[in-house]
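Below you'll find the structures, each written out as structure tokens.
You will see two complexes here that share chain A, one where it goes with chain B and one where it goes with chain C.
Coming up: the complex of A and B.
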């Protein structure tokens, strides 16, 4: 039972917006994308392949397509992904790998992502994350996905993310804080909160962000090993960001 | 009830606080039964030499001899600094009810005693020392030493104004109360019984530069400067078009004017064809005792002037000095020396007289430093670069009305040619402001400006917003954001969001600009990353919103 709780918690535990491997799941990427984007390994060792598509802020030049595969053996977790983001002039191709360890007492992983854009600029970023349970129904996480970068800077700078999630009676609620890149490090932060409800194979969720205030609404549906998801994120100025995902797992 | 001592102390503190500190109770004011200091001009407009005067007034029914009377000037910067300016001779006297003027050779009418007074602009003083030792004192400005004024000093008046005892025999015992700023009137009473005056500087057209064939107005203010009430209908204001002096309008203040009252007069005028006109205004009042302040005149420019101000560099960043570009929009050539350039401080700069004439349709640049300008822009036609002396330094910071300064071009006779108030917030550091379509001013598309050339025309942009290049790097660190909105003029704002949707910068706060415009984007102002630029526009008036978005990448590579 406790293992199930841990698996569910980790599925919801990476709220900060990532770049290439953002899955339409409550509070951000789950499973394979969680370890690829944030360095947070899933407790479960299931093998799953995910195909993702997104259109950021309604702009065709900011469309992304990705495919990722993750698996585990005993405590070892690993994942690999390929992505194409944006149009020819602004876009880039990315490959990401991640590996780590996970037990019921906690988990940690390292991630690495390499990019190559249209003019041929190359960039690499490396980071990691870790999580730990607090009691039976809550969990804390921290991630620094860009601990080290080299070459062309990443399209979205991401600093320290910390968060917590609690679950009970089929309801999950989360809150996280993400340092905002600025010329003066650490003086600003984004906040993100949400709530999700599981009703059998259907999971629905709503979430809110600040700077500027905005929200998202999503739903996933599972049948056997197949899982489908869609999420729409609103913005007071920019058009909606839409994410679609389909995944197939070993169970 | 407070003890008497405390009440006296409180009263003393109160008296000091309302009179202003310091005060001088011991310094003598106007002594009784003698002529009085009635008027002092210590700061004539322009060069003071020969224009300063001190007027004595004898309010008594018998003449008063001035033999042995000494007029001394006091330097308020130190104690005891009195110097003799004039001593009365046996032949000097003030007639009963009359005046005696001691002043320079350029004072009109000629003073009874011609002497160079060399008075200072304050805090300073003059005093009359009578042969029996009795003294009368008049001090002005913020004094540190009590010996230079009587009770409280008079105000330090503006250049060109005198300090006049008002009324002429006022004797309250305080310089502050007895003396007021006035139009100099040597040898004449300071306040007459009947006087309707046109207040200097109030005569102006509305709008300042009326368009051709459009109704306009002349605005002026009159004041009852006499001691008698002017009853309604007793006065008349006449407007005459010069040079034929034909009276084109007349009207009367519609209410009685008590002494000191002012009335604002608006004279509606029909439209005129383009050109410049001279209008004379006269205040008519039966029995007016001071005709000198009854008339004024103004040159009115109808329609555009021969030159247009087209570009303003008020914050040069490359050592070229400030400059202002003008365009000859008339059909004739014009000489540089025919124009004056000024700022809000009304400093009149005169372009060099040796410059070549400016042909119709040509541009010229009025520059602060010709050598520095030509060093910065070596390819321009130097014959159309006009050095201006003195240069009216242009401000770089906006006031509370979002105006940094006002660039004004006039003809040598004072007729307005063009006038441009500008905001320093409209442009980035070092980038000039340029007049665009619809007479809207905005940052020049070229960072260095286009002196002696027309503004670069911003091409129409498909989709409303374009960023070029879309990828900025350290090597190509400046891009152009161009927009086209569905209105000729619009309130446009540009904001920058990162990929996560966070607002990262305001590139252009909402500003009224041309419907087709351009803005520079520097990669140095942003962290590396992928951004979305959002254009928001709404029409100058009425409803409607236009938005457009484009992505841009700021990177560190090629």
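Coming up: the complex of A and C.
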């Protein structure tokens, strides 16, 4: 019965975004999770280890626990991550690797994620992403996380995502559009917009999604190499989704 | 003629004002991709790349292509260019460009033998005449890019004239043209005789073609510069039943009026195109397109456009349709990483409602060390049944307009690697359509350009 509820919730929520390595951060090409989940390499080459936890819609069966490490050398960027999503028959384990190049003038990376569920079914997805600056204060990114899939289909079909983020005066604003396949209504687009404010070591953001309308509130705090983050996302029908992140970087 | 078209084609005064402004404002350049004239609806179209070979050079290409579970197809090509002789030979199973072409000089004359795509004047008698809703209809001159192959035969040029013997549309034809600023042409075959007369100047041209039954067609184009604006207009009129002997299967509108303009404004380069046309009574159409393109400070370019289409684009089209579309595009061609993105959406009702086709695409170009380049083009599309949407794909030696149907996503990955004094070009197509993954298609070609000592 509980499994049926979980399946129903998964069908209702239809999140277009990633699952395993979602970090509580504003959108865009930044951080270890961006290169692992979207193939968007960060500009900085800092090494950072990140521990992530998420509970989707308040259900322990939809809890994700991940650990990821990312680093860089000159223009080269890479990251690796391990994740466990859910429990019991509905859960799966995932390992992801990503590598790419990034400079101030742009970046591109390839990502690969392999999963294995409880019955032993295996699946692999391969994709990538790229970003480029628009002027001095904005960047455009494009990501195709599942360019190629093999074996067991991924839990969520993730098609092309295009987004742009503008930064200035300590404010970030972003808008992205993701193509989402639907067996009932065909390919449709989901939109994601948000705004973040940097106030010293604290970054706060709010974001909105459509289909169905959802909002989220997040905050990160940094002290030295340590960074903590939390994000809560609402849903019109289901309970909230909570994400936590702790990371330690080289600087 | 224009007023007659207006009467047949219901255009309101407000649209006329918009059309007049469009005429004064600019001509759509980065239009949505349309197949070349004569391409059947929903069919792929392949054209040779407009790549030219330097004099004295020889190019050799050997390639294979295939897909999982299918037989491997082989392709070979040789191109050579010399001041007195140049040519191309392509060979390959199911290669739409297979065939040969040799161009050379003999004494005071020039000859072309093999695949022919000649164009006399405006193309009414010989050569593909333009569709009035396309920007190419504004072009002046016989040698235009993107022409499709018409037939095979021999063409001989001397003393400003041309003599043609060939096979076009499964019939033998002979023709003669006296070319120059004023030109006369005659084309004869078993099915009849046709003639044409025209003038060709730097800023315009006109042609009238007729046959023995008295059927005729005339077309003229004129380009002018007015300050910072380039303005062009084209008009076509004539008999409904006129068909070119060389291409009897192709029937463009018998009457058309096209106006286009392009100029710099404070917002960027503004282009517009307005056209109305008619095949016969009750079979008319119109198009209005506006586009603005603005270079940004970082070297990237931004463009956006809007377009409205009404009526029919084919004589046999069952029902007239209304389409309104808009697109937005950004791109930056920079080394080592270039990125572009485009979104285009069309609706069958005003304000882009009732979406009938939509496509979102990104392109990535990567310039690596030692001349290695890689590119990726990915598009997500949704096309309602009965609609046409084309995707431009660059091959090693060709341009392919891929007709898309249904919904899905398509990816092309290309890598060019210098190898063996040449270049290895490898491509991979990944195609997911209507929820099913198609067998991935691949192609590999090694080509080399050399200049014999």
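Worth a mention:
Here is the rule we go by: the second predicted complex is superposed on the first by the 227 of 251 C-alpha atoms of A that agree within 3 Å, B and C clash if a C-alpha of one lies under 4 Å from a C-alpha of the other, contacts with A are read in each partner's own complex, and residues count from 1 in each chain.
Keep this in mind: contacts are C-beta pairs under 8 Å (C-beta built on N, C-alpha and C of every residue); 3 or more make two chains touch, one makes a residue touch a chain.
Please read all numbers here as calculations on a predicted model, not as lab measurements.
With chain A as the common reference, the superposed partners chain B and chain C fit together side by side. In the superposition on chain A, contact of A:154 is made with chain B only, not with chain C.
Once the two complexes are overlaid on the shared chain, A:212 sits against chain B while remaining clear of chain C.
Looking at the shared chain after the overlay, A:65 reaches neither chain B nor chain C. In the superposed model, A:162 lies in contact with chain C only, and not with chain B. Of the two partner chains placed by superposition, chain B and chain C are both touched by A:181. With both complexes superposed, B is the one of chain B and chain C in contact with more chain A residues. Look at A:135: by the touch rule set out above, it reaches chain C but stays clear of chain B. Superposition on the common chain A brings chain B within a closest Cα-Cα distance of 9 Å of chain C. Judged by the document's definition of touching, chain A residues 181, 183 lie at the interface with chain B and also at the interface with chain C. Per the touch definition, chain A reaches chain B in the complex via residues 17, 19, 56-59, 61-62, 86, 89-90, 117, 119-121, 151-157, 180-183, 190, 209, 211-212, 214, 233, 235, 237-239, 241. In the complex of the two chains, the chain C residues touching chain A come out as 296-298, 300, 330, 332, 334, 336-339, 341, 343, 360, 362, 364, 366, 376, 378-382, 407-409, 411, 430, 435. The part of chain A that touches chain C in the complex is made up of residues 101, 105-108, 128, 130-136, 140, 142, 144, 147-148, 159-160, 162, 177, 179, 181, 183, 186-187, 189.
Across the interface of their complex, chain A is touched by residues 470-471, 495, 497-503, 527-530, 532, 534, 536, 547, 549-553, 555-558 of chain B.
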